[in-house]
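Listed after this line are the structures, all set down as structure tokens.
Shared chain: chain A. Partners: chain B in the first complex, chain C in the second.
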Partner chain A sequence: MKRKGLSFYVRIYLKILAQDIKSKMSYRTDFIISTIGMIFTNISGFVSFWILFRNFPSINGWNYDEMLFLYGFSLVSLTPVQCFFDNNWSLRMYVYSGDFIKYCFRPINLFFYYQSEVFDIKGLGQFAFGIGTLVYAWGKIGLAVTPFMLLKMVVFLLTASFIMIALQNAAAATCFWIQNSFYLLDLTFRFKDYAKYPITIFSPVFRFIFTFVIPIAFIAYYPSLVVLRPDAVPILSWISPIIGIIFLWFSYKIWMLGAMKYSGTGS
Partner chain B sequence: MSLKKYLTLTRAGIMESLQFRLATAVMVIGNLLYLIIVYYLWKAIYASAGTDVVNGMTFTDTLIYLVLATALFNFMEMYTVWEMGRNIQTGKIVLDLLKPMEYQRYLFWSFSGTFITQFFFTFLPTFLVVAFVTQGTIPLGLNLLYFMISVVMAIVINYSMDFLVGTICLYTESIWGINIMKQVVVLLLSGATIPIAFFPEPLKTVMFYLPFQSIYHAPLTILLSRASDSQQLLTTLGTQLFWCVVMMLLSKLFWKLSLRQITVNGG
Partner chain C sequence: MSAMIEMKNVTKEFKVLNRREGLKGSLKDLFSRDYKIVRAVDDISMHIEQGEMVGYLGPNGAGKSTTIKMMTGVLEPTSGEILVGGNVPYQNRTKNAQEIGVVFGQRSQLWWALPLIESFRILKDIYQIPNEKYENMLALYRSLVDIDPLLHKPIRQMSLGQRTLSDILAAFLHDPKIVFLDEPTIGLDVSMKSKIRTLIHALNQEKKTTVILTTHDMGDVDALCQRIVIIDKGKMLYDNDMAHLKSFFGSYRTLKIRTDGAMKQQAQTIQQEFSAFSVTADEERISILVDEDQSKVIDVLAQIQKTYAIRDMQLEEISTENVIQKIYEEGVQ
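Entry: the complex of A and B
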């Protein structure tokens, strides 16, 4: 099979996207309610944050605005996984029922085709929330607005989102082996709530665990340091883009390995 | 009326929930992670507050409160909205409606088995560990009895509320959005994520007029209060009883009215 170029995949993606949005629009109430639900989640997250930190001038050397920055950072970096990889949640159902086989017969990349089928518009609300928080915190802290800073910001936001995508891909792919992957997926989904705190609050043992074993510190903390504390950036922050790419590649391989092993249900 | 038919449902529920051991293991890991994060987060908060007592609660108080709130959540959350919504979408609800038992009652009793297993496998161990580790911070006496009464009422309020929200699915056929909205509101306004003592004054007043605080805040305060203030105890239990009756009546009425509306897809 001839390898298809990037432009081909972009064109296909846009076509599938248009179909997906059309089909979502036919369930309008569901769409509106889900969007409101998403806004609720963001508001409540924000309110909890505000209640928790309004009484305290600083926590562990992090002041309110810096915490806010971290919070916004985690929201934005979680948007890609929400928008583009939401179909991972249905994977176990497709595998269980046998419908997954339909994806195996298309002459395009299996992983790409599967993920492209759903685009979750709800994620855009979160994106707006996150950007708003970031811009506000950026101004409050008084960070410089230079092209270099913005470039760093984009690169490290991408890094952070790679890690989350990788975690979720891997968690979803476990269903090829253990059938019900919902609980693992739900667990990785909950990581996003834990990612928004500075890792320095933990004891050394857990700092190690959250960096190397369950890498939630890479979802917001390490990447954001590059922008937030440019004078003292730990080495882990600088290499986090590489870690992100490696993780993403690994999760893709695991996913594909599972899919290749898949033998259908015979129906 | 014989109790036997209900107990049969309970037994089936116990057997069903014992089937999913892997799910339980993942859930335990997830909760442990959550508790570790809660522990270090609040430790950092108390360390930076400079005083031992914040809003009338010590670090140990807050921790016990939050740990037990999580345990209570795991024990009470039955994903009723989810279950009802799915049954409505697939049409399975028709079969349940034909059963010689009221649907609301049927659903409750089929969950009761899970209540029992969850109580023994999550709540009780957590409680014992907390009581043992904190040595005497939880008073062990008559308050345990009042706590049990309070928890039973909390279960009923929580279930009725879920049932009420689940009934909305008959109209909207949207599950995810409705469920997430309910969960977010309940967890925040019941004091399950942040103890109510930390909320700003005006918000606190509002919350005491809402039914949500009867679900988590009420049983936990009863359990943790050292002074046996019978006036306060009666007010708390009385408020719970009030909401119990109101929510039960409301959910029943709304269900009766909605049943006329029902349209089911196939079956």
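Entry: the complex of A and C
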């Protein structure tokens, strides 16, 4: 048996992905409706954002274009969790019904095998929309286009997505111990809506919570400071990539710990 | 011949919270430390050779699933040793997974939306099956069952029978040393059952795969297994070959008769008459389990005929189900 490295997993993932997309497209009406739904979700999200800022030209020193940047940043950074880790939402059902056991018999990484089963294509629309918003805001604010700036963008977008993935993994994994973990998962997901605002608009208590307890401030605020306000970057922003990686690793460990102690229901 | 599965004094205990009744009880349970130990599998030893097909039987809750879970590495035994194909399953779960195949009768492990052939292709990559082996396996499948209509059908559009068939084919695809089949024929019609039995038998013969079969359907055991292991309440009741069991109970026959009038009442009077035999009845007929060492079936029949008008009669060899029931009631020794 050969060692199963990264290329092994990438190949399998792409294969499953290609098949999955193929089979989704074969249900044409379903595909069209969900595409239209996705477009409308994004538009309505943007419209509510726009209406809000028609009335407040700036919030706490953040002007419209900067807010738009933050909004786009959060959309893009939420894409990976939406696309690749959507099966976390079903974990609770699989564990409860005992069907989770079917994932335990393959000679590959359990976490990978479980997550690879679902790819949520809707995330791609969000991604395109987010990139568009970012590019527009970038131009409006008049940020420079240099390799260093772009590198910073990529690194901090990745950081932000790591944190969101970690949050969701950890919340989903609670179902291995708690019967009804949906509320926790739902809660984390609802909190992400606050990620698109600068954290300074919240009271100190929430600022603390969003930084250290449910660290959604790392999804857009802290990382985008690096690009938007290069002269006043708090230390938290600079160390956020490390926090992201550690947090992601921890959430993976928690998930696997739960999965390994899982023993199924009787049959 | 080498041992495929070696179990030595395996015990599995679960810690279960003593639950109280009612809402008040549930609230108390939240803070309770009142656990009891339940022994799901109690000191079981087994030695299974390569190529054997073993029927693993027992009533619901006997500990069958727990044993299978320990063999597949999902559960760790509380004490005792298990070796499956040379691996300790719990410690080398991934390695063990490469050597085994698992089928659950009602839980498909295939990708729900994908056609069977695509599932096969992904499995080929996951198990790193060489091209030649893969092609040979498909050729073998083609010779055994008519798979071509199945290959391009998504799993979710298949009937339960087709799905089970697909799952079995998928479990054998990487030519595992051992395949665990958990109630493979549950919920299937007679013709599909026989199709699946034929397939399992052929694969076992062809590939010398060790097969562990748990089932409630005695037809499966009769058709497939040379050896059966029976457990109940976590303890092993019986482990020997099928023929031995049959010879032990061979002198028993079930006489089924249909008479005029209410079967159940008549069954009671017949029971009084033949107190040595067990008599049961349903709406259709009265069944009498006759021990031919004591009296011949023909004598019993003659005796009954004196009192009742027999409309219809049937003579059945003892079924494995009866055998197991007798073991529960009386034991084999």
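As a convention for this text, the second predicted complex is superposed on the first by the 263 of 267 C-alpha atoms of A that agree within 3 Å, B and C clash if a C-alpha of one lies under 4 Å from a C-alpha of the other, contacts with A are read in each partner's own complex, and residues count from 1 in each chain.
In this section, a residue touches a chain if its C-beta (ideal position, glycine included) is under 8 Å from a C-beta of that chain, and two chains touch if they have at least 3 such contacts.
Every value quoted in this text rests on a predicted model; they were computed, and no experiment measured them.
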| item | value |
| --- | --- |
| Chain A as common anchor, with chain B and chain C clashing or fitting | fit |
| Touched partner set for A:Leu187, first chain B, second chain C, both or neither | first |
| Which of chain B and chain C A:Ile36 touches, first, second, both or neither | first |
| Superposed model, chain A: greater residue contact from chain B or chain C | B |
| Three-chain overlay, vertex chain A: chain B-chain C angle, C-alpha, nearest 10 degrees | 90 |
| Chain B versus chain C as contact partner of A:Ile108, first or second or both or neither | second |
| Partner chain(s) touched by A:Ile246 [first = chain B, second = chain C, both, neither] | neither |
| Touched partner set for A:Leu14, first chain B, second chain C, both or neither | neither |
| Smallest separation of CA atoms, chain C relative to chain B, angstrom | 10 |
| Parts of chain A lying in touch with chain C, wherever the complex brings them together | 1-2, 11-12, 15-16, 19-20, 23-24, 98-99, 101-102, 104-108, 117, 262-264, 266-267 |
| Residues of chain B that touch chain A when the two form their complex | 20, 22-23, 26-27, 29-30, 33-34, 36-37, 40-41, 43-45, 47-49, 54-55, 172-174, 176-181, 184-185, 187-188, 193-194, 198-200 |
| List of chain C residues in touch with chain A within their complex | 60-61, 65, 69, 72-75, 93-95, 97-98, 100, 102, 104, 107-109, 111, 113-115, 118, 121-122, 125-128, 154, 182-183 |
| Chain A to chain B touching residues, read off their complex | 27, 29-30, 33-38, 40-41, 44, 47-48, 51-52, 54-60, 178, 180, 182-184, 186-187, 190, 194, 197, 201-203, 206, 214 |
